[in-house]
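Each of the next two complexes has chain A plus one other chain: chain B in the first, chain C in the second.
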Partner chain A sequence: MAAAPWALRAASFVVVFAAWEYAGRLPVNPAFPPFSDTLVAAGEMVADLSLVAALGVTLWPLAVGVALSSLAGVAAGVAMGLSRRAEWLFVPVFIVLQAAPLAALIPILVLAYGVGLLSKVMTVCIMAMPVIVLNSFKAIRHAPSSLIEMGHSFLGSRRQIIAKVILPAASPVIFAGLRLGLAAGFIGAILAELLISPTGIGDLITYHQSVADYPKMYAAIATVIVLSVLFIGLLDRAEIALFRPERRSAR
Partner chain B sequence: MNRVVALRAGPAVAEPMVEVRGLSKVYPGGVEALSDITLNFPKGKLTTLLGPSGCGKTTLLKIVAGLIPASAGEVSVGGRKVTGPGPERAFVFQDFALLPWATVLRNVAFGLELRGTGRWEREATARRHIEEVGLKGFEDAYPHQLSGGMRQRVGLARALAVDAEVLLMDEPFSAVDEQTRRKFQEDLLALVAGKGKTFLFVTHSIEEAVYVSNRIVLLSRRPSRVSEIIEPDIPRDLPPDRIRRHSAYIDTVEEIWQGLKRYLE
Partner chain C sequence: MKAIRLARVAFATAALLFGLSVQPAPSAAQPVQVSLGDTVSVETLAMVIALERAKEKGVDYKLTSFAKEDLAIQAVIGGQADLGIATPYAVMEKTKAPLRGLFQLTHLVFFAVADKSIKDWKALDGQPMTFHARGSGTEAIGNILAARNGIKFGQRNYIAGSENRLVAMMNGQIKATILDLANKNLLLQKGGDKFHVLPGLPNPASDEILYATTAWIGKNGAKVDTIVEEYYRLWTEMAKNPAMIEAERAKRGLLKDQPKEVLANVTKFYTQGVQEGVFSKNGGGPEAVKSDFDFYVEAGHLKGPAGALKVEDYWTLGPLEKARKKVGS
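What follows is the complex of A and B.
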């Protein structure tokens, strides 16, 4: 039984890659390379270190932006969940931010902060923050009232009830928000490199597209996706290790 | 805590532990749940609240627990007016209210944890009560690994662990099958006989009420008033099967059923 999920996961990868290979060989579009070519291109780019160097550049605004969004976002969301006043003050801002088309905001960011690191960090934050804030807010608001009542009946102080009941109860939804925020942060980082100034992975994508080296372009794109999935998996592990011992033993 | 200690002799003259005077509750939105309820709950006895669904039993229990405010009237426990939850009362929740991320041990010790009892002491106490409710060996299990009946017992052990004098039990046996329920009822009788604690018990089952109670308070339909108080005169020293066939038991069940029937239209 234990092997079955892994077998299914592997099968799902095989199916996707086979479909990719097939579509690439047809070809659906001359600009769409098969999976094998992309893999070879990725190997070359790792070997000549261009991929590694590009990642180093891209991950920087991403890491700063996601870290900022996570800290500030969870704090703001939790505060909004705990206090009506904070809710009235902040919720509309984040709902508008979540609904606003990012591409429309980027020119304003460039005007305000130039084309350097700061604008890119801001882009990541704008992408990642709303979903983190709103998820944290909802998680706190939906903490089971029966558990909170239990905390009161056993004489918990407000601080104890927040720390020992509300936050642990909210952690799954907060982490779901962090995962979505991380994925959105990746999108933000790449968008910033495509729209603000070409650096890192965004530069690789633009450059290889301009010289029609499509396997390398796709290798760059696929690297971002793989990395995003890896980080999200890590976040999952971190959550279970830190807050959800009961899910550890359920495995 | 200045608790009044009774020095009077004789088991018959149980003084009230919980006094409810002129209690009314109107929920925001206008639902009138309780209307002018005056009741005493004698010390060391088990008093059951019985009444049609939605009549306000949970509301009454939660007001006594200090979890929701009354609209009018007052409640006192051990002679002191209730203004909020207190260490002399412990609640057993109908939906268990266990922390899913905490082990049985931490759940049972949680009341003590919130009170700031040291880890070693509260875990020793919790282990005793886990054993008492028959869950020895499950200290490190999580609630989702337990059956409904076992979770119910975790909730009971948590309430027992804080050693409150008044136990407020809201349909504590609702989630278990009939066999387990009967076992729990017998355990409850032993608990009432053994510890001198005062029990406020809510159930939907007339048979259960008659079997476990020293007093049964029948509540009318919403807005709830006390319609009748019955003290089943059942010899508690008989074995369970004899009690259930005792004429006093059967007659009391019938009497209550006749009393409640008129609320069914």
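What follows is the complex of A and C.
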């Protein structure tokens, strides 16, 4: 029975790829290539290094944006969770940012930050930051009061209660926010490359679309999805290794 | 067993997701769906007037503007649109999509412009060059001109829109680029002392063509004939008297939301366009298609070799010949 989860996971991939292959072979649309063609195209793009070079370009604003959003976002969320004043001051800003349609904001970003790296980093931050901040804020605010009271009865200082009670209790939801933030950051990075100036993976998508090389276009899109899933998986592992001893032993 | 049931549910869901992208083709009673890979503006006005005239002859239409030409082409391939206005050669070859050209609307009339410090093509060897987008018509022209002049460009930059490249030239951010007719004229008018035009290609290839799927052409012969005839009629009238476009626009109340200053330029735009050969004079034909093959193979959009490509695999010329006989030249 131990192999069952893996078998089911593998089965879900097989089913989706089989449906993709079938739809591509019908074809549902001459511009929709089968899975096998897309895989071959991805192989070609890895071999000629165009995919690797493009990823290098795309990952740069993504990494800077996500790192900034994670550090500043968790700090801001924790501050808002601990202080009512910080909450009143900042929560509305992040709720508005989360609700704003990013594609419509891009012209303003370009106006303010130009067409270079900075506007792409800002796009990633606008996508990733609100979800990280709001999750961190809720996580801190909803730390179990019984545990906090226990800390008080053991005469813990405020600093001790925050470091040893509130933050550990909040960490699962903070990490959930980071995972969502990372996924949103990927969306932001690709949107920026499609809407501001075509570079990296965004350039591969638009270029192969314009010369009608659809297998390569879908390979570029699929690469982003695979990479996003891989990074989120890695973050999950990191969380378990660093903060969740109970889940580590359960494995 | 549970796993098999789960797999079935997953397969059904995935099939539904992929299947949903298939749209039923509109029935014959519905208006002809036209997909335009551009906004309706002064530049595309003549194309809309021809459709309006076809409507008066009983062929109703509905025009949809797409943000990108590639999406407009995909709408026709996917069956959501019947007629398209774009450059679909690469799509025709690579996807084996059953698309056929019907009428050549415009030529790729673009001009390589440079700062006067760059005297000729040779001086551009190894220098940065700015195009509209990777794989675009402007880059195709640049590649061919570079190859014919025995040079290689240095860094390639991309700025979408001739009007934006014009601004970059005026601001001194770039020293050489390729502009459309209107913006080339504006550049020389504003900075004729600083900029000049480098020699271009003698026979420009097709830019926008009217096209449809073979299935739709087969089922809608009468509609195709009427539409192609109206395009041919308007294009021959326009070649004789470009000012008629503004008269037709005013008569039909088109582009009413545009400011007066923009509308004041309609006649100028079409007069220059006819003079410089932006608008096709005869809607194309076998010779024009063959020269398109040469151009797009050289530009890398078609694999070729150009001599091996067949006109009938890319164009359905019957309706155009009928229109030519009926309207006369």
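Following the convention adopted for this analysis, the second predicted complex is superposed on the first by the 251 of 251 C-alpha atoms of A that agree within 3 Å, B and C clash if a C-alpha of one lies under 4 Å from a C-alpha of the other, contacts with A are read in each partner's own complex, and residues count from 1 in each chain.
Here is the rule we use: contacts are C-beta pairs under 8 Å (C-beta built on N, C-alpha and C of every residue); 3 or more make two chains touch, one makes a residue touch a chain.
Treat the numbers as computed from the prediction; the structure is a model and nothing was measured.
Of the two partner chains, chain C is the only one that A:Ala19 touches; chain B does not reach it. Legend: residue contacts after superposition of the two complexes on their common chain; A:Thr206 is shown touching chain C, with no touch to chain B.
Of the two partner chains placed around the shared chain by superposition, chain B is the only one that A:Gln160 touches, whereas chain C remains out of contact. Contacts of A:His152 after superposition on the shared chain: chain B is touched, whereas chain C is not.
By the touch criterion stated above, A:Ala7 is placed in contact with chain C alone, chain B being left untouched.
In the superposition on chain A, contact is made by A:Ser197 with chain C only, not with chain B. For chain A, the partner that touches more of its residues is C, with chain B and chain C as the two candidates.
Contact residues of chain B toward chain A in the complex are 65-67, 85-87, 89-91, 93, 95, 97, 99-103, 110-111, 113-115, 142-145, 158, 162. Those residues of chain A that touch chain C in the complex are listed here as 4, 7-8, 11-12, 15-16, 18-20, 22-23, 28-32, 197-198, 203, 206-207, 209-214. Against chain A, in their complex, chain C makes its touches with residues 3, 6-7, 10-11, 14-15, 17-19, 21-22, 69-70, 73-74, 77-78, 90-91, 93-98, 133-136, 158, 300-301.
Every residue of chain A that touches chain B in the complex is listed here, in rising order: 146-147, 149-157, 160, 164-165, 168-169, 243-246, 249-250.
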